[in-house]
Every structure is written in structure tokens, then in C-alpha cells.
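Each of the next two complexes has chain A plus one other chain: chain B in the first, chain C in the second.
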Partner chain A sequence: MAGVAGVNDFQWCFSQVKGAIDEDVAEADIISTVEFNHSGELLATGDKGGRVVIFQHEQECKNRPNLRGEYNVYSTFQSHEPEFDYLKSLEIEEKINKIRWLPQQNSAHFLLSTNDKTIKLWKIGERDKRAEGYNLKDEDGRLRDPFRITSLRVPVLMPMDLMVEASPRRVFANAHTYHINSISVNSDHQTYLSADDLRINLWHLEITDRSFNIVDIKPANMEELTEVITAAECHPNQCNVFVYSSSKGTIRLCDMRTAALCDSHTKFFEEPEDPSSRSFFSEIISSISDVKFSHSGRYMMTRDYLSVKVWDLNMENRPVETYQVHEYLRSKLCSLYENDCIFDKFECCWNGSDSAIMTGSYNNFFRMFDRNTRKDITLEASRESSKPRATLKPRKVSTGGKRKKDEISVDSLDFNKKILHTAWHPKENVIAVAATNNLYIFQDKIN
Partner chain B sequence: MFPKGTKRKFSDSREEPVAGGEDVNQSSLAAVRMLSSYSLQRQSLLDMSLIKLQLCHMLVEPNLCRSVLIANTVRQIQEEMTQDGTWQIMTQALSAANAAAQCSADRLVATEVLCRQTEAAQGEQVPKPFPVVGSEGCPAEEVLEEEEEAAAAEVGMTMSTVSPQAPTSYLPGTFGMDPCWEEEETGEDDDDDDEEEEEDSEECGSGSEGEERERDSLVEDTRTAEQVFGTFEIKNPAPSPDPALEELFSDVDASYYDLDTVLTGMQSVPKMGPYDLLESLSSHGPSPLSSSTSCRSDLNELDHIMEIIVGS
Partner chain C sequence: TGNRAVLSTSAEEKCEKNANLVKGEEVKLKAKYPGLGQKPGGSDFLMKRLQKGQKYFDSGDYNMAKAKMKNKQLPVAGPDKNLVTGDHIPTPQDLPQRRSSLVTSKLAG
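So, the complex of A and B:
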């Protein structure tokens, strides 16, 4: 992993794109979550149709050592189905909101996937051997006539074509009245938390019929509701610590050792508002859409509508770093409110060494920020720049005045092409970017 | 305060003939115009927000975060309008308009119910003229929780206690605040009567314009509350035990799909049907940035839901 090299020293190249090319995108194919596993060998995506597709990194070609292997489909399965809540007469969407991998403990892989109401633990296992020579049934499965069995034999394991099976091992249901927005596996590898708009529950991976409620911000009178939980995450090494963010731009860090119900926080992170930029949209754009701890556990990053902020866990009154993602949208907030884009929930992610962060924007642009050099770059995930190993050209949005060549003006941005989900390989410079129904994989050119 | 460049300044497009060359008069007129421009912008934002909240209830499973954020925005606007005194004007105008069409007894009942509500709310720091409409859709979830714990009898109870709060807090004039419509300070030093009259008429002109639209939007507000309440009723029909409350709502038209009235609050829009509303939303405002695709996706969702209902 390049230590000193900055974001602009990377040469991001197109590697692959997954998904259909049609202009007419089926709603069900829209990717709703992207996640690398802990080794980076597997890359999982969830879509609005409730399906999970897992890609596996192929072994690198021995012939072409400069080329990293590709990601190919490893397993596809239907994780969630649409349901109907008869009591409320409401449909429960099958859209996968989040996927989180469990750390690998044996040859099988485990992941948690969730829709609005139900979390499922899936086991993805390989089968490359088959038992042959059963006594009681034929090779095609038909039962043998017991009177015809004259001898006893021991079944033998014979090799077969590799088969990847995904099976649901646990279903964690009926614990959330509101829509689940986050799940996070604890560092103890035994528990995980799930958060909806008003509550956070702690589960044990083995126990499905109950969970502990650890945060509840539902007011006694729903009319007094002014704030909701928007994201939550467990600390990467302290199994008693977790954070949750709110729609008012605040983050609360809680310690599960202090009380059974963590309604009172241990730390409260909020940046004081800049009175000069106050508007009717101030609260909406301050709403945090994603919170992620750094791999080190020392920092956390939050994404609000216009910026990404890095917080030192030891300093609550302001972030240590703020990066503007698309400040040129500040003057367009009213229009963005009108067309609902102001409510888009962008995610953000760290690279493996915590030296760089990445987040998405509109027009299929995504942004990377180098924390050391303070440089940033804007790249585009598009079919046009999708030639094999083609280096991505930095993009620029012109903020008024003269528009230079190759720049794009704010009014020409396509607000339907939004990159909400991105993921960075935990060890290498490989990134996955979800653009509507397409998954782009970019790699850093190895020199 | 309002982000610059977001909307065309209303004052830019008008040319006002000014008598004489009185600079003070001109600057005060400009100030008044700017104030009315700001209040028009604020009004249109309020209208837009209320429409969004209503659409929340037309779709399946409203996104609670979005509803809360929109409701907070509406509350913020209303608080500001209350401080201006604009809210009082609007609500007084509305109650005057409604009083003409209603028998006074209903009003008295309403006031009584409101007074009870207000007494309960005295302890709170900030008056809440607007309940969180988005989360009003969530009483169903409260109902769910109640049912999980107790018998179904509680459902009816929860409903009747929740229901009156929604619309009654809408009805104006009883928040324990003195109606305080103050003459807006325009920095006018000159005591010339003519100029004052001009200012006043200017204020009244823009005031009544805004007032008219504000009144319509309050009609819209009442309908919003009624639609919330109405939707709730449809899902869980339970007879209201209180006859006074029934009288209270008897006059309000509970026609859920009467979007014509909803649209009166918006800038001169021709009559349209419900789906047209969705499509036209994106065309309002100064510089629409995208097509109505997001509205179309709402539309698709609606169709999808209809298919499910028809299919089952």
C-alpha cells in the first residue's frame, strides 16, 4: 500500500464494469450497497430487487504481472423478497440497504444483509466434492429397494465442478418498527448492531429471537419528533463503543459499559453552525448520511450533503478536517430541495491506510481527498472512459464565470446520475463505484 | 439569510414610478419590496414543503428522515412568520373566513379543545403551531407497538387520543401569544403623512398579496392535517367517541384527492389532476436542475402499489 504517494500520484485506471448497458434501467437493478470483505478477495453488491451478487478476485495472471486480477461473479442469490405488512397496509421493500461481511473464521464466508425490516445472515460456501456410493439411494437419488441391497459400501468423495452455495443461516426479524439504515459487526465477532430511524438494537449472531435495545430516541409524543438516527457503526477495536449520527448533524459516541440503555452519550460531536451561511436548508444539508470509523479507530468520518468531515474522537467541538465535495451546489439548494435531491444519502469510505477518503457526487462523479497533501481529485464513472486500462481523466465543474474547455457547468450536471455507494479495497488501491445499475472497478496502475 | 442567487429577486422585475426624487422614499420602498420578496420566497418554500409532506402520505411507507426534515423546515418558517407577525395575520384571516362558513358553536368547541392543548403546551419553551405531519403517519406504528403489548381495545384508545391533536394544533390564534402585528420598521424618518400612507398601502398591498396566499396555504394546512387524519381513519376506522370532535371536522371537506385546493397556494397554476401535480413539481422554481424523474419514480411506485392491490 503506497504510504507516501498522494491521491494525485495515483493513476486510476478503468478495470471493469458490471451491469447492463441499456439506457432503460430496471428499478430492481439499481445497486443499493457495495462492500469489500476483510481481505478484499470478495466484493458484494446488493440491489433494489433484493439480490446480492458477490464477485471474487481472480488470482493474478502469471503472464502479466503488472495486471491485477479481475473480479468475476462468484455467487448470486436472492436475499430478500418483497413483503406486505398487513397491519399497516404497507409494502416492505426488498431493497438491500446494507451488506456487512463477518471476519472469516473458516473456509466459508458469512455476510449480513438487511432490508428495511429484516436482517439475514448468509453463509457462502464452496462445494467441490460430492459423495458417491450411497447404500440407500441410487446415484440419481432414487431410493433403492431394500431387498436388493446385498452388500454394504462406504461412500467415497469424488471431485466435482466447483459450486458456490449461499444459504441463509439466521433471520433476525421483527425487531424494528422503523426502517433499518445501518448494520455493523462488532469487533468481538459475536454481536452486531442494527439501527433504524429511532432505535438501535444489539444482537448476538447466534440468537435470532431477541435483541437488546441500546438506544431509543423515540419521543413519548411523536409530534415532538425532530431528530432521527441516520447511521450507526461499531468501533473497529473497542467492542464496547459505537457511534450514531443524526439528521441534525450531530454524532453521539456511546459506551455500552455505562448503562444498558445508551440514551445518554459518552461523547457528543457537533460543529457549531456558521451563522453567516444560515438558511432554511441549513438543517437539511447538515443531516449526516454516513459515518465511518477509520481503520485505526482513532478518527471517524461523516458525510453530510455538501461536505465530508474527519473527526478526532478526542475532540468533540469541531472536526479536524473538512472537505467540500460539491460546494457549487450551495446556491442551488432550493432547486435540489424541490426535486428531492437534497435528501440523497451519500456514503463515504476510507482507504486501507486511512490516508485518503472517497465519496460520490452527481453526474457520476466521485471525489477523493488525500488527507496528507490536502489535494483532491474528481473522477467520473462513465462508459465513455471505460476502455481497458484507460487512465481516468480528472474532471472539473466550473463554478461560474468563464467555463474552461473540458469543464462542465453546474447546470449541465445530471442529477439522476448519482454515486451514492463506493468502496475501497482494504489493502490495495482498488475501488468499486456503483453508478445506478453499473458497478465500476478501478485500479491504480502499478508502475 | 436566504441563500443568494437561489431565486430571482422579485424586486428586480418590477419598476416602480417614484414621485419626485426622494431617495429616502425610494430606499424605503425598495426595502419593503425586498421584504415582500423575501416573504414571497419564504411562502413558496412553505407551500412546497407542505406539498411534499402530503405526497409523503400518498406513497407507501414514507421515509421518516425526509418527513422530519421537511417538517422541521416548515416549523422553522412558521416560527419566523410568527415572529414577523405574518402568521397572526394569516391565521386571523383564515379564522375570519372560516367563521363565515361555519356555525359558531364549532369554533367555540375548537377553541376549548385548543385551550386545553395550549395549557398542556405552556411548559414548553417554543410554541409548536405545526405538528410533525410526517410522523403523524407513524401513529400506525405506535398502534403496532400498543398491540404488541396489550389488547386491541387499546388501538381505539390510542387513535382517539392521537387524532384530535393533529388538526387542532393547526387551528390558529390560541398559542398564548398576543397578536402582534407591528408596523414594519422601514427606517423612514420623515413623518410626512403622504409617504407613510404610501408605505402602508405598499405594505398592505404586498401584505394582502402574501396574506392571500398565506391564507390559502393555511387552508392547505388544515387540509394537510385533515388528510393525515383522513388517511389514518381509512386505515383504522374507529368511531370517534366525542361528538364535539365529530362536529369539529364535519365541515372540513375530507375529499382526499381534491388537489385543486392544494394548488391554490402555489403560484398561479392551472387545474390539474393528482399525477400532473407530481410531474409539475419539478418545473416549479427558478432553475429546475433535473427532469421529473424522481417524481416519475414516485409515480412508478404508485403504479406498483396499485398493481399489488389489484393483483391481490
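So, the complex of A and C:
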């Protein structure tokens, strides 16, 4: 992660792919969220079937120092189940919308996982010892006859095969009328926020029967509804600050010290629109699908349908950087509206040093942008380029009439192969890319 | 269809070209769907988003239909079993099964 090296100086190599190669993808297997923990040791995925799979980075092999270790399955559990709210006649999907790790405070790991309505705090703990030599029961669990016990012994801890157990420690339910799109752990490590289409709530991690509503944009008359909340995040080091984005392409920064209800923002970020370019599609493609603070806390990044924008928190009237993800789709907006792809919600992420950003696209392509050199690269997550340690070849979409060799034309793109979720290791050049039901892990070749 | 190679580096010209591309797409869409709403990103689209997961059932209709079923043949659910509105009266057989995936994820395989 040198500050000077650009994205094209990286040599991204295939490391691993997880998941089945079936042609027929079961809906439950579609990955819906990917997240590294704060050290990068653990990588969690959530899917539409409500399951969470956690991978752990194994120690590097001493014999081959030029390879980083691999990620292997550490724990897997069913986080959420499908539900039916009979009172409201509402079907609640078990799909995991987001996973967020808590910072590690002891030997156990904690994460928050959420579906549309309920957030759960999971503890993932290891057990590698077991007590043996109980007084009141045998090794196989049978109770001993107390009258036959003639001496006392102290149970001894004996090693056992490592067991990783996931248990739900808290269930935060019944606080959201609309569908939860975001959760974010606060830097105070005590509270977190959850956001749905119209409201944002603040929770204490220890308290499940109460939460504070801090943003409410529901109009008195629903006929007047013009925008919804699309994403929200807590500031990485200022525990009183959070942001939320809207379907109209705006971002509001709020300070919880100013008022209990943060309906009025402290800062309002919006890029002025050129009125001559206004069209039926303008608002839809300006809808922000993801917002992420930089690790430094000085910038934030937003993803709309066609671009990624970096904003300086000190400048509200326009972004400081704009990166086009797949501008060639402008000439396809009609069909993308008809097949609903225009409503796809792409996420985006920063690398550990905030010098590069990454986001997904169609045809299993994903894009990386270097903020220093302004160079960009398109890579593909595919089984074809999945040979061990094979370097990924840059891909290119041809927009003009002449298609060069190795380029792919816009009309040949597979819009069913969407990369909506990607994650970048917090410290190293290791990335996780979710391609429908497969999880790809790529690493930068260590020189 | 008019995708000429753009050699100009002027940001303004690029914006104009983009605007024309998008306007062209808008014309295409309006030609296909003349009744498309005046507020494209507005209420209707947002209300649909908010109502995701909503299921409809009228127990009165259901019970009346059960009573009538002995005499009259009612329309049966078509391929799209989720569409339980209009003339079709849902029966327990029509409703999509609530399933829970207790199968381990293939990522862990």
C-alpha cells in the first residue's frame, strides 16, 4: 500500500473462489453483503437465504513467503429466517442486507447482521478447552450417585478440537416500519445506527427494547413523498456525526449534539444539475446507492448509478472527484429501465490508505480508481481467469464503432452478472468480490 | 445509430453529447409507454419501493368464494402465483410456500 503506487502498478492475482459452479443459481445462494473485520483477519458474507459465512485468514506459509495466506471457512450460521407479519400482511425476507463488525475487545468476535426488519448481534467465540473431572457427573454426562462420592477433585481444563460457536446475543426488533438499508457502528463502540427508507434509529448495543429515532423524513401526507433514505453511516472518529444519502442524490451530514431529532442537517451536499441535461432518468440515476466515509474521516464517497463521487466534508456544493464507472450505459438507459437494472444498488469501498476506491459493474466487471494518478482499471471476476495466482488482465468495453480485439461491446455485456458488493482489506491489498453466488478473493502480487 | 467517435476534449461538448444520448433514451421510453407518469422519480415509484413485501388477502372474498365454489368454477391461479388480486380468490394451495433455508451455504462447502 505505497502511497505513490497507482492502481495500474498493482498486479491483481486470483487467489480463491468460493461457492458452487452451478449454472442454475438458487436465489438463496446469492451473496448480499461482504465485509472484512477491522483487522482483516475475518471476512464475512451474508446471502439471500439469511445465512452468514465467515472466513478466516490462515497464517502465511513459511515455505512460500511470496504468498499471502488463504481464507478458509471459520464459522457459518443461519442469521435470519423468513417471517410473515400477520398484522400488516407483510412478507419479511430473510436476506441479509448488511453485516458490520464490532471492533474486537476480547477473544470473541462480534458482528451485527440485519435483514429488512430485525438487527441481530452475533458472538463468534472459540472453544479449545473443555473441563474434565467433574465431581457430580461422569465424562459421558451421566450423573454420579452422590452417596458414592468419597473424595473431591478439581476439574481440569483439557485441550479439545477447536470449536467455533456463533450465538445470537441481542435481537433488536420492531423499530422499523420500512425496510432497513443500512447499519453502522459508532466510534464510541457503544451505539450504532440503523436506517430504513424514511427513518434512522440510534441504538445502544446493550439495550434491545428501546431505540432513539434521530431522523424522520416521513411526510405528514404520504402523497407528498418525494425522496427516501438510501444509505447512512457513522463518522469513523467523530461519534456525534453521521451522514445519510437520498434517492435524489443528496447527502445530509448531521450532528447529534445539535438536537435530539436531526431532521435538520448540519451540512447538505448536492452537486448542482445542469438543467439542460435533465431527463426522465435524471433522478433515478442520481439516486445514491451507497455512502462510505474515508478511513481518515475527511472525505466521503457516494455511488450513484453511473459514477462514484468523492466529497470533501468541508465542501458541500460539489464533489472533489468524480469517476465514471460505466458511462457507456447512458445509451442503454431505456432498456435498463425496462429490465429494472437501472435500480440496481451498487456499493463502493476505499482501500486502507484511502488512495484507491473500488466498485462493481455488470458482466462481472469491477472497477478501481486511483485517486493520486487518476488512473483506472477494469477487471473481471470469472472462472476463466481463476487459475492459481494468475494475474488478472485488464478488460475494456468498446463504445465506438470499431471493436478492438479483446474488447467487449456494450451489447454483449451480461446484465445478469452484477457485482454489487466488494470489500477491500483494511490493511493489505486483498479484495473480496461477490459475483452473484460466488465469492472471489484477489491479492496483489508481493514483489 | 449515431455513435460517432468523439474526439473533442471539451467538457461542455461531452456534457451535451451525454445529454443527447440520455434524451434519446427518454424518447424511446416514452414511445413505448405513452402513459408513463409525470413524476418519474416521484411518488408512484417510491410508494412501490415502500410497499415491498406487502401481500393482499380478503377473508370475506375468500369465504364467499369457498361457498360459491361448489356451484361455480372460479379462475384458478395462473403461473404467477403471487398475483392474488382481481377475480382470482386465493386458496391455500395457491400461496407460495414459506420456506426457510436450513441448508448450509455452498460458500462453506
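Just so it is clear, the second predicted complex is superposed on the first by the 446 of 447 C-alpha atoms of A that agree within 3 Å, B and C clash if a C-alpha of one lies under 4 Å from a C-alpha of the other, contacts with A are read in each partner's own complex, and residues count from 1 in each chain.
Keep this in mind: a contact is a pair of C-beta atoms (placed from the backbone, for glycine too) under 8 Å apart; a residue touches a chain by one contact, two chains touch by 3 or more.
Keep in mind it's a predicted model, so treat the numbers as computed, not measured.
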item: Combined model on chain A where chain B meets chain C, clash or fit; value: clash
item: Touching partner for A:437 - first (chain B), second (chain C), both, neither; value: second
item: Which of chain B and chain C A:19 touches, first, second, both or neither; value: second
item: Which of chain B and chain C A:91 touches, first, second, both or neither; value: both
item: Partner chain(s) touched by A:247 [first = chain B, second = chain C, both, neither]; value: both
item: Which of chain B and chain C A:50 touches, first, second, both or neither; value: second
item: Which of chain B and chain C A:78 touches, first, second, both or neither; value: second
item: Which of chain B and chain C A:197 touches, first, second, both or neither; value: both
item: Chain B versus chain C as contact partner of A:28, first or second or both or neither; value: second
item: Which of chain B and chain C A:332 touches, first, second, both or neither; value: both
item: Listed stretches 40-48, 112-120, 184-192 or 238-246 of chain B, narrowed to the one that overlaps chain C; value: 40-48
item: Overlap of the chain B and chain C footprints on chain A, listed as residue numbers; value: 84, 88-93, 116, 178-179, 197-198, 222-223, 225-228, 247, 279-281, 283-284, 287, 330-334, 337-338
item: Chain A to chain B touching residues, read off their complex; value: 27, 84, 87-93, 116, 177-179, 197-198, 222-228, 230, 247, 278-281, 283-284, 287, 330-341, 343, 411, 413-416
item: Parts of chain A lying in touch with chain C, wherever the complex brings them together; value: 18-20, 28-29, 31, 45, 47, 49-51, 53, 73, 76, 78, 81-82, 84, 88-94, 116, 178-179, 197-198, 222-223, 225-228, 247-248, 274, 276-277, 279-284, 287, 327, 330-334, 337-338, 399-401, 437, 439
item: Complex interface listing, chain C residues touching chain A; value: 3, 5, 15-16, 18-19, 21-26, 28-30, 32, 36, 40-43, 45-47, 49-50, 52-57, 98-109
item: Complex contacts: residues of chain B adjacent to chain A; value: 1-7, 42, 45, 48, 52, 60-61, 63-66, 68-69, 71-73, 75-77, 128, 131-132, 135-136, 138-142, 144-145, 147, 165-166, 169, 235, 281-282, 284-295, 297, 300, 305, 308
